[in-house]
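Structures incoming, each one as structure tokens.
Shared between the two complexes below is chain A, which pairs with chain B and chain C, respectively.
Entry: the complex of A and B
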């Protein structure tokens, strides 16, 4: 078996165990949150009979493990139950809200890599210069303020004072795009509507940038520090002594080993954005899963809480898996260690 | 030839202008807190009410600028006190094209009772509803129930035939009573129909061309009802002309800055009170003297100033008691509750508990940050008479759970309560009748025979003047025993762009005493 496939199988196995653990944990935690979910769902003035009937329907009076059993049985049928918040199947809610969040996070991730890495490389190659100092200062700002602060600041600067970007939503009201994948950037292209695609891009830039700023700062600083460290290695000195061009040294000998730890952190940052997207989604009225997740927690919507957390966990695990694979491609030692084991 | 050319040119110009006018669709954009509940039998909060009043119609609607109700889907009614017979209009059609008949009214009532959610509690005293003929419906009460006509303003009439064609899985003849269908579709006769609905994002509505009353040309063609916008987002959207009416949940500072930018401030008064509730079931507020002490210690004027928006508009006005000024039984506006520290100290001296022994927890609902300011104000006010109090934040879900037992109920709780049906009974019975204790509306756990007797009399008295007297007496009794600090009458303030005119929220002579009814879109006018 190839080392990569062995790594993939190993990681998939542990991911399944993690998901089972997460489901049990969140299933228990959701039930510890104060409040009767049936009462919250039906409203403070609902009759006792209606509340009792809903409790029965949700198996809330059954022992914990029995409830978990019902949940797993439904899950295997692809049913996450009914959301008491939206009165729709949780699956339908997730299918509707997840693409919006993923779209936002993916664009943020692209910004993180496309802006963070070059900034880090530039800073490392010009270490000690004014370019380096400026990049370090700017990236420090990105890291030090949370995404929602940037969301409000960017909205004020570029939507209110200088009217360049739209304030809220995923696309202007004038466009009506049939939902195929739920990803507006894809659906607009599938519909062959370039104007709508441009409009969707125009809408995603500001929220994605607000969400990515912290990651950009972190990626840039990490790549810089790793590259600076690598520049001190004897093999770089040797390359310099041989008269290799600086560009080649930077790209081939300094960047590649520096990318390995950076990639792991970027991967974690990317996955963490799924959770931290909530406030950015709230500020930009972005109808995503993070916002839905917080709303269902506040209303103790048990099925929706468990469903949302499971989906976010699954995406988190998938991202980590991809990062592991990328790292093992970049670093032959990991591949070889799989073969040896 | 020249004349003919001019005539043709003029005709062309006129055609182009007319086309321009016809094509200029007006869009109203407003927001509320999520989630927007489309099913009228589950409607209970403000967003749901706005949807309900526009997608569905009711037998009666509130009178403009005064208390009382006018027939709407009904042409009139007769009553002997225990039963009400309504004659229906015969020219009303649902949006599906089905005619609206007495069967639909009966079905709507039965559905609300069967689901037992939303505002179904308003109809617990109704024994049955029956269709006498296609245009006559009769409701029979279990006992005399004077607020029934007011309650009918919350019974939207649903298209029975359409729902029957779309029943989801469930037990019995009516299966799920169309719950799955009505959570995403409307089945009403209202002036607006649903174009799309996402309970977390927005509901888009369009004019119902077949509306039985016709629709004013200036009423908005399309309405985009958005959910869950942040204050900063609404602030920016309105400033940029991309939003028309905010929710009433914006902080006073944001409303003030929008007003300074030229936004108009719409107001809804006389439907809601802000109540600071004292737990009468445990020390120290089981002693009326202690309750009166803190009632006199509270700084009402500062409370009103705290929610001031401009010099003339505030989110609160001085209260005269349990019933907001303007509603049946309210005390006149010149009898406001006032701070009197000396009186507070006198009552405290008569209280069986010493201030230093008192353990007072001042709770505020985590989802309503404004209440924290009131908790801090109370903490300072109570400290002035020697009572030390601790401020405690409670999420709504935890609050509702805690108040189910008097021993767990905080000494002081803060809630906003509105009438739901414009009748004082729906406001007061749930708060102060001893049988209602222990809900979010009644953390006082009040047990007072006089209050109970007046509340029961108010329900069974059909003469309006007599009812007004009963509720005035009740109001005075409640001020006397002070189970609640009547902090202020709430004014819902909405910031709005100048593109829209909303007479019901800007002209007191056209205002309705029913929360949310001012957002009847057919009565609004768009200016462009």
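Entry: the complex of A and C
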């Protein structure tokens, strides 16, 4: 068995354990929040009998572990229960809202890597020069304000004062795109509507950039500092002494060892975007899962809370899994130590 | 008479800092003839390693470095060369071996990947098959029994001694005219160091490679070098044929250096004749090997 597949299997195993832990925890926490979900859902005018009936339907009077048992049994049938807030299956809600958030976060992640990495590399290669100083100053700005501040600032600057980007939403109302995957950037292409695709891209740029800014700054600063450290290593001096071209030294000899510690943090940053996405979604009226999550927490919609948290944890774990794999591809030490175990 | 492989004249180096310029080399001169093995001996911070780096042109890119004097390689003044042609000498006509072989080999690439990169310096666009062939030959030269396994390994999977052999094989793979050995194997244990130095010494003899051997280890220098320059605080204080210099050290610093070697027969760490004022006494050149005479 290839060491990479073994690593993957190992990490998948731990991911399942983590998911079970998370589900137990959130299941318990959701039930500790004060307030009766049935009462909140039915309103103050509902009869005691109606509330009791709903509590019975939701198994709320059963012992905790029995409730968890019902939940797991439903989960294996692909059923996360009904949302009392939207009156629809939680699965359907998540299927509707998750793609919007993922689309935003993925575009942000791409921006983070596509802008942050090259900036960090440039800064490290020209360390000590004005280019380096400029990059470090600008990226510090990106890191020093949270995403929702950037969301408002960017919206004011580029949608209000200079009207080059739309103010809110995922796509203009004039387009109607059949939903296949829920990812507008994919669906518009599937529908063969280039104009709609362009429109969706135009809508996503500003919120994604606002969300990505601190990540871009982090990535650039991290890659720079790791690379500058690597540049002091004897193997870089060896590469210079043997006259390997500067570009090659930067890309192969300095960047690759530096990417290993950087990637782990970039992966965590990427996953953390799921959290900051909420405020950005609020600012840009982006119909995503984060907004849904907050709405259901405020209404103590048990099934929806557990479902949302579970899905977000799963995304988190998947991102970490991908990062682990990338790191082990980059780092022969990790790759080979898997073989030994 | 052919031009010496390396001729350094009145080389000065200073580093500019906030307080002005701190001088590291105060005008050193030395030469190495073809096939000659010359040692540059001195304590840490005496300016040995920076000399090698100036020859390769690696310090010139530092904004704070102030360098004057001339470095001639095979009769060509390196300062007159364009940066690109000077850079082209690195890894092809001149190569270098470092103190700690294991940390000098990049941990994320296999030995073969690094070897190929080195070979490509002399033969751009070399194919993998040919590079492998040549790497195997080079590794056989340094008495590595399983070249295939070594080539597919990473440096952290090999022992320090093995990495040192790999380093030597890489350094000599392109048949350079000049090998700069910067305290080779100081990070290794003594027996392994002796073995690898013996290998290196046989190889450079075979290939008629000139060597600048930088060391603070007098025992090793005595075994390895034809001639010795003793450097102290950026000045060459004594020079001469190895046997002559060891038999009859003239300069106070050389004497102190020689007496500082602990004896295996005991007697504790010898007392140093600690009079740094004396150490700055003028250059002592052993008559049979004076700089002018050899270069005439």
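Methods note: the second predicted complex is superposed on the first by the 341 of 341 C-alpha atoms of A that agree within 3 Å, B and C clash if a C-alpha of one lies under 4 Å from a C-alpha of the other, contacts with A are read in each partner's own complex, and residues count from 1 in each chain.
To be clear about the criterion, a residue touches a chain if its C-beta (ideal position, glycine included) is under 8 Å from a C-beta of that chain, and two chains touch if they have at least 3 such contacts.
For clarity, every value in this text was computed on a predicted model and none was experimentally measured.
Visitor: More residues of chain A are touched by which chain, chain B or chain C?
Guide: After superposition, B is the partner touching more of chain A.
Visitor: Between chain B (first) and chain C (second), which does A:33 come into contact with in this model arrangement: first, second, both, or neither?
Guide: Only chain B; A:33 stays clear of chain C.
Visitor: Figure out whether A:251 sits in contact with chain B (first) or chain C (second), or with both, or with neither.
Guide: In the superposed model, A:251 contacts neither chain B nor chain C.
Visitor: Tell me the contact category for A:45 with respect to chain B and chain C: first, second, both or neither.
Guide: first
Visitor: With the two structures laid over each other on chain A, which partner does A:10 touch: chain B (first), chain C (second), both, or neither?
Guide: neither
Visitor: Return first, second, both or neither, reflecting whether A:173 touches chain B, chain C, both chains, or no partner chain.
Guide: first
Visitor: Is A:195 touching the first partner chain B, the second partner chain C, both, or neither of them?
Guide: Touch partners of A:195: none, neither chain B nor chain C.
Visitor: For a test of understanding, state which residues of chain B touch chain A in their complex under the given definition.
Guide: Chain B residues touching chain A: 27, 34-35, 37, 39, 42, 44, 115-121, 179, 183-184, 198-201, 224, 226, 228-230, 232-233, 236-237, 239-240, 242, 367, 395-398, 400-401, 430, 439-441.
Visitor: Touching residues of chain A toward chain C in the complex: what are they?
Guide: So the residues of chain A touching chain C come out as 128, 233-235, 237-244, 248, 252-253, 256-257, 260, 330-333, 336.
Visitor: For chain A, which residues count as touching chain B in their complex?
Guide: Counting only chain A, the residues touching chain B are 33-36, 39-40, 42-47, 49-50, 85-88, 96-97, 152, 155-156, 159-160, 163, 167-168, 173, 282-285, 287, 291-292, 295, 298-300.
Visitor: Where on chain C is chain A touching in the complex?
Guide: Where chain C meets chain A, its residues are 56, 58, 63, 87-92, 95-96, 98-100, 103-110, 117-118, 121, 154, 156-157, 170.
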